[in-house]
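Quick one: this structure, given as structure tokens, is what I'll be asking you about.
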Amino acid sequence: MLHIVNKSPFSNGNLDTCLRIAQADDPILLIEDGVFAVKKGTSLEGRMKETVGRHPVYALQADLKARGIEGVVDGVTVCDYAGFVRLVEEHRPHSWL
Amino acid sequence: MEEQAPRKIMFVNRRAPHGSIYAYEGLEVVLIFGAYDQEISAAFLDDAVFSLKKGQDTSELGVKEFSATFRVLEAYGVENRYVEKESLEKRGLTPDDLIVDVEVVDGATLRKAMGEQDVLLPF
Amino acid sequence: MTFGILVQEGPYNHEASDSAYHFIQAALAEGHKITGVFFYNDGVTNTTKLMDIPADDRHISKRWSELGAKGVPLIVCVAAAKRRGINSDVLIDHARIDGLGQLSELCIESDRLITFGD
Amino acid sequence: MTFGILVQEGPYNHEASDSAYHFIQAALAEGHKITGVFFYNDGVTNTTKLMDIPADDRHISKRWSELGAKGVPLIVCVAAAKRRGINSDVLIDHARIDGLGQLSELCIESDRLITFGD
Amino acid sequence: MLHIVNKSPFSNGNLDTCLRIAQADDPILLIEDGVFAVKKGTSLEGRMKETVGRHPVYALQADLKARGIEGVVDGVTVCDYAGFVRLVEEHRPHSWL
Amino acid sequence: MEEQAPRKIMFVNRRAPHGSIYAYEGLEVVLIFGAYDQEISAAFLDDAVFSLKKGQDTSELGVKEFSATFRVLEAYGVENRYVEKESLEKRGLTPDDLIVDVEVVDGATLRKAMGEQDVLLPF
């Protein structure tokens, strides 16, 4: 299954819950304010590096660009809306709202 | 024409009651879905475990008290009712505090059940 | 593949409505079929035709209506709509107000159901 | 003492609107004056008269209108209202649509300004 | 000044920010889902006990009752809407939304 | 009739841009208030520090890019512009990443400035 997170990990616990429940190799897609999680150089970078070792992690390009985020944590795949659609084709999605 | 197998649909409840309408409007969906002969489950984690807490009294708030409705989940065909253990423990709650009989499961068991669903609906 | 879409939040206030729209456009471009967009919770407020939007901003309800004109079913939950003052007098063209059972139908008929919310 | 109230969220979806209402009732009961209630962001959707609410639930927009009838100024931000499809055709009685400058006036005139939101 | 928090501390960082910024003796009022913070026996009880040592802490009765919360952390004052109004009379409020 | 002293009004911005409308509609309020000859301040903490980040490009989202408007805060009479240090650091940002000149302050300094206000408006 595909886990989708749309909230900032700095202000909200949705990503925490997602990571607690997700099993190894479940893909995680970050959209909207969720993309802050993969910015390079934040206090969460260590945790996100571990996460990338355990899960394929994707972040939506339109949301990264809108927020001026250029550098993302190594191993994170940046995808467009078409990539988002393909992820949902391949996996049943759950939005952690 | 071939009869379609029932679909597995899980309501993944994570919001607290009363502070927002999701718990209430989510419950309205569950009750309607009960009429469609699908395989319905409901999971409660994070603040949604408070939706099941005994002793809610909304008279002073002047809003509807709907926790009793959770008691009819089983009658409405919601066969699996999961509560995540860690969510319950963090909030100082035990199964005795809850208004319905539920299965207390760890995160891995919940994830496994989620993985078996055709549709996951967050409320 | 067929996709059902659940929109739980109103327009402008949250990005959910924009994300749902962009996802649908991309899915259609990839050759998929949208079985329907179900508006629930505050999502019902996407469908008022009374929005009056400056020319330099996207017009969200008009955008939904155009999608409806192209054959994407737009279904507005009647119970949620009544609570929020959305009725047939203010409803955009190409949308319909209907019961929660329609969401159940979407869940049953679609290969995937995806939710956009807050 | 005089209180100005800012409501940032819509009715039913969040408790903010209820909290604001109960606070105002208590303030009036304590002998205070409400300089005005300013509806901004999704808060503007509190003021549609098209809500159709079951008899066993509170009718939020009617409740606001009754407060307006008692002399509490209800001011709906025009820019936020346009974005969300609230206009004078659907506005409850005893409320008015006006500019953001009115919020500034509330901030200047009131002893306290308190915000209810999500 | 009076700090008002209306979000659950289990899912949202508003109370954390409030406690980071508030100075000793600033009163804190918990309303709506914010009242979960003062429930007895949660994983936050230790932290709330410290908070009560540093700040007057109030919780709104109507919201506690609606959520079925009976036992509150020692030292927390339960107040009604009239009490809420009096707190705002005495202090300029800030809502941490 | 006595002229009232200008009021001290602070906008306490905490929300990220784009994910919700608060940053944008909050900015609209600031610009209007500028015309009222009061003492206006703006504080940015938590995810609101991202509102001030350089290089935002919303073309792919199809929404308005309004960060440039923050540059005119000073011209609109917003004399004090605070950014909380810890919020900035946690997010891996420095003052050089921001579109406007701001004063980076610690929590205690921010609290002190908040305590001097007549009105605090959260956005």
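First chain written, first letter: the chains are A, B, C, D, E and F, and each begins at residue 1.
Simple rule for what comes next: a contact is a pair of C-beta atoms (placed from the backbone, for glycine too) under 8 Å apart; a residue touches a chain by one contact, two chains touch by 3 or more.
Predicted model only: the values in this text are computed from it and were never measured.
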Residual chain groupings, excluding subunit C and keeping positions: one piece
Chains touching both subunit A and subunit B, listed by label: C, E
Same-residue or different-residue interface between subunit A and subunit E, half as cut-off: same
Of B-C and A-F, pair with higher C-beta contact tally: A-F
Rotation angle superposing subunit C onto its copy subunit D by C-alpha atoms, nearest 5 degrees: 180
Rounded Å distance between subunit B and subunit D, as computed from the means of their C-alpha atoms: 33
Mean-CA-position distance for subunit F and subunit B (Å): 40
Touching two or more other chains - residue numbers and ranges from subunit A: 6, 10-11, 13, 32-33, 62, 80, 92-93, 95, 97
Per-residue overlap in subunit B, given as positions that touch at least 2 other chains: 14, 18-21, 46, 61, 63, 118-120, 122
Multi-chain contact sites of subunit C, meaning residues that touch two or more partners: 8, 12-13, 15, 22, 41, 115, 117-118
Pairs of chains satisfying the touch condition: A-B, A-C, A-E, A-F, B-C, B-D, B-E, C-D, C-F, D-E, D-F, E-F
Subunit D residues touching subunit F - in the complex, by the definition given at the top: 6, 8, 40-41, 79-80, 99-101, 103-104, 107-108, 113, 115, 117
Touching residues on subunit E, where the partner in the complex is subunit F: 1, 13, 17, 20-23, 26, 92-97
Of subunit C, residues touching subunit F in the complex: 12-15, 18, 22, 56-58, 118
For the subunit A and subunit E complex, residues of the former touching the latter: 10-14
Residues on subunit B engaged by subunit A in the complex (per definition of touch): 12, 14, 45-46, 84, 86, 107-108, 110-112, 114-115, 117-120, 122
